[in-house]
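Every chain is named by a letter (A, B, C and D) in the order it is written, and numbering of its residues begins at 1.
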């Protein structure tokens, strides 16, 4: 069935800088803001952008992600034609190959795209925090008769060397693109969001697929190749909230922003809801002795102690006398009596014994995982 | 969440003896009987056996299979806890590895099983045609206090050397097991259906996983190891209809059996329905000039010619004057005017031009695929 | 983005009451595997309308069973795409009224709260057609219409001027759909408390001078099912290639609840000519010019001519049916003969054993 | 395999009518995120019963919206696990009757056709409990009972002998569930055409000498919700640890329709003590001994004491509520004071602005 635009969501990243948080799950499956997983943002964006056909490319620890995504019904992305399809590496008659890079992952799934024969292909990743209506970007892409449109973001000049930096003319036509330049010529950074005309993408990936020296990466190989070919390439400047949460610090900071008086990312907005696929838990209980301020508390929590400026995911228990401050507690964390947790991220299932002290305001964020259990 | 019994369905097989039928899809996704795919039988069996948690292990061309299985809702196997989970090979912190054999596929997914910590694990494959209530086998397994129970089938003595052959005592305790013996000592063949006690399976797979010389295959390595260890191993004799459709001939024969007056496999039985996940198509139309006898006709077909002793999948068109005999036409096949098809299997989308002749009663079954299209 | 809601109405079913003892008009089986409502609902879905209300009426059991949460129509529970709107208690539908706004009263909040919705499309639930609302919506919005009426090309001239001279013409036309600005409906619902009219078409007619009203004439195939002979004819229309082509072979599919049926089995004695046959049947007799629904069994030596069989018909051996309509799950014993006429087909009600 | 069906009945809702203007008793919101029916339905699902009928009544809109096809309860559309059974037209529920078989008449075929079903479990839709039917079913089948009655341990002695001497006792007990052989129900439905009784408990009582009837006394927590003060108390029961533990922390979960809500946000002025709070709220005031449902907003300086807030309460600043129940989507303007009493809480109906 022919589609106007099909989405390809790159969800194979390990996210090794997130330490133990990605030991057992892929980065897009990491919990954020008490109840979301990172991928919720991209998938919800697809829903709100009327992109009803999305291939999700997985490779690293996909189990949690596969069962989380399921049919995509949580994001209203299950359709009679289209919907969400998980695309893991696979074996074919011609052999078996892991995805060698972001471009290769899509190259190996050209037949998936071919089955919808779309006019355009949207390529996004599953590990950024933002709300964006891709359909506006698509409309601009079509209006420009672009072969490729790249979502772009103004970054602080001192940050620029961490990104792919684009130089554009007044019509946003991209003149130059440098991946992680040492001396950035501008501060319009690529968000890693691409819309390609499908025939152009197909040709480029076939060309890139056979290049021995290529790392098969969009930023490093495909985009420079596009620019070298004098195609119609535009930037689409995005003005909204956007966060890369690739490090422990940025992961922590982005969540703490949710506790501001007027958070830059409004998750209460009913017109652009972030959907997620969460388990059914009862409301949370706050006891007579407890105190909760400046915090986000999820379903199923039981709070008998004090919680200040913290984010608690589902079914966290804070016993009497315990004090939680400036911390993020993921699912099923248990805090014993009179324990103290400060400036810490506790991974799923971590148990802090009574009277224990964990983390400190003076030190870097403490990331604590559960002891390895027998598998 | 703790489960009594979790199913593991091996669906990674290429099925190379099925030729072009498995060029683009894994064997369990091959069409059978007009509207089913091979895997429908195993998944429907799970539903009827109250096995509500099933891991499906895929590796070869899984795209069609993944989107076909989806959440498993077609087989009522989508549950708040459990349901169907696709388990492709994946990359972890410790590296990435393809499934090296049937046992290795399960070994690499021990953590999936561990998350349900079941009492027993049922291992089945996705490419046999049969109706079986596994819960009866499970009850026998429990009653016997067995560590392992193997589903067994009486085969013709001359067929026995194609199977794993079990020798048993009067209580069905397995005394000996030989994989594809040259001189079979009996004719009770393994169906490749295993129920293990979970702790036993876990230990065996860990032992097998580190053996350099092992092919990591249940029949070749794990079952012999079990018997060597003097564990409690029983056979569970199955008396019903069972077909392996691994070759073109057996694939053809099993389907032609559906056209018998009283087919051994009753697909009209409402108490043990075979569920499938099919697209919505209108009824079929049979024109004034057409003639249809001894055949199975699926939704969406339009028949203006003659169909004798044949099976037509969805949306097949047979134009005026065309004659189809003793043939199996998969989805979207088009037969032009006055063409003749005899003793043939036509793969999805094959087009036979007007007046063409294809296949012959005197020759072996003709298997015809579609010309390769540009991907 | 233009936000549009679709609402599918019940209709007066008195002339179809043999089919509507235990179901609303919208779920009368049709065409071998469909229900009447599938056409209106698929029209909305195919036109990318994802906010849909279906009036449930009093006999809502089969409707709920049929629609579920709308998954077969790609409607989603999470984003609340489909709502079944409960009927007003102790109220029955009137014959002359196309869209009776009183039916919407229990769901007043449902409509009023959706303040982002700009326009509502009203459709009756008893029409067979395959409409593409996209160009009609474009026309509606581009012309800044308050009301766009989509009428059949059946029996009268094009709509022109003032209400009075057109009253007769309106009456003579079948209305396929009405597109109305949402705020007009909210106002009408509020005024009904003060005795305002509840007949949408009448309301439009009376206020025509203050409104931008446009009529579009639809040239394609359509049938309104309001009596048994219309039901019979519309089913047999499916034996015409152009009708099948327009309804089922174009880009816009007609969706319905899926069933797990085996392909239909024909034995060596079956003789079938000009028939539209659904899956799950076992056929061993002679079928001519007929519609056979899912899971029907036709015994050997039996002849089915010019007949409509709904789901799970069980026809014995040596039966002869001509100009007959069987409702669901009818059993006809061996050697029974039933002969109606083209103008007055015999109807056997649901679950009967003859 | 034992094949068992569950049927959940409507109940007389007169004393709760402030909540049931536009919904049946079964969908009254409860406990921050549930509806009353969630408990009966979860009981069946947790006992592996996968064939369930729910009586829809006349005001079925919220029920259909809530249940969908039952996916949140792991019920499946494909295997037809859940049916919403339409009400008898023009019929209203009687106060004294626990299970009124007349409600089943439009679904007679639904019950009669399921010939593989051996036993039916009847539950009312207005009870809060967490029952495990598995041991009760074992008892029922092993003792070859015709009827097993599960009664609360509330107010009377154990059931012993003949119908007459126990009539009073039966009346005094709350019935949590009745397990009945299916064929008895089929017979009763048939006899109703000849003026047979429609009160299931009465029927059992009258035929007790011919039947094997057994009563099981349930020792766990349960509450029947039949008036406002019972509703109020049952909600506040959730502030007791043993009640929460029994209802929500055991192996049998209470399922409900899922909503996509953000975790609840507390600001730096919030003071919350002894409260049960659902997700999606924004809390900036003082909350004591209260139940706060999803998506509620409590303005700064406001005090909520001993109150039940249903979904989407919107409380302005400096409001004072004590012993108050707010139905869904109530807005309370700044500085409003509402004080009820423990015995007579103030109830504000759905959608009000105060």
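Points to keep in mind about this one:
Throughout what follows, a residue touches a chain if its C-beta (ideal position, glycine included) is under 8 Å from a C-beta of that chain, and two chains touch if they have at least 3 such contacts.
The model shown is predicted, which means the values in this text are computed figures rather than measured ones.
Taking each chain's centre as the mean of its C-alpha atoms, the one that lies farthest from the centre of chain B is D.
The interface holding more C-beta pairs in contact, when B-D is weighed against A-D, is A-D. Chain centres here are Cα means. That of chain A falls 44 Å from that of chain C.
If you average the Cα atoms of chain B and of chain C, the two centres end up 40 Å apart. Among all residues of chain A, those that touch two or more other chains are 73, 78, 80, 275, 280.
Residues of chain D found to touch two or more other chains are 71-72, 77-78, 255, 260.
By the touch criterion stated above, chain D contacts chain B in their complex at residues 48, 71-74, 76-79, 81, 116, 255. Within the complex, the chain D residues that touch chain A are 31-33, 72, 239, 244, 247-248, 253-256, 258, 260, 262-280, 282, 291-292.
For chain B in complex with chain D, the residues that touch the partner chain are 47, 50, 52, 73-76, 78-81, 271, 275.
Interface residues of chain B, counted against chain C in their complex, comprise 33-35, 259, 261, 267-268, 273-276, 278, 280, 282-299, 311-313.
Touching chain D in their complex are the following residues of chain C: 22, 56, 58-61, 64-65, 68-69, 71, 77-78, 83-86, 89-90, 106-107, 109, 260, 351.
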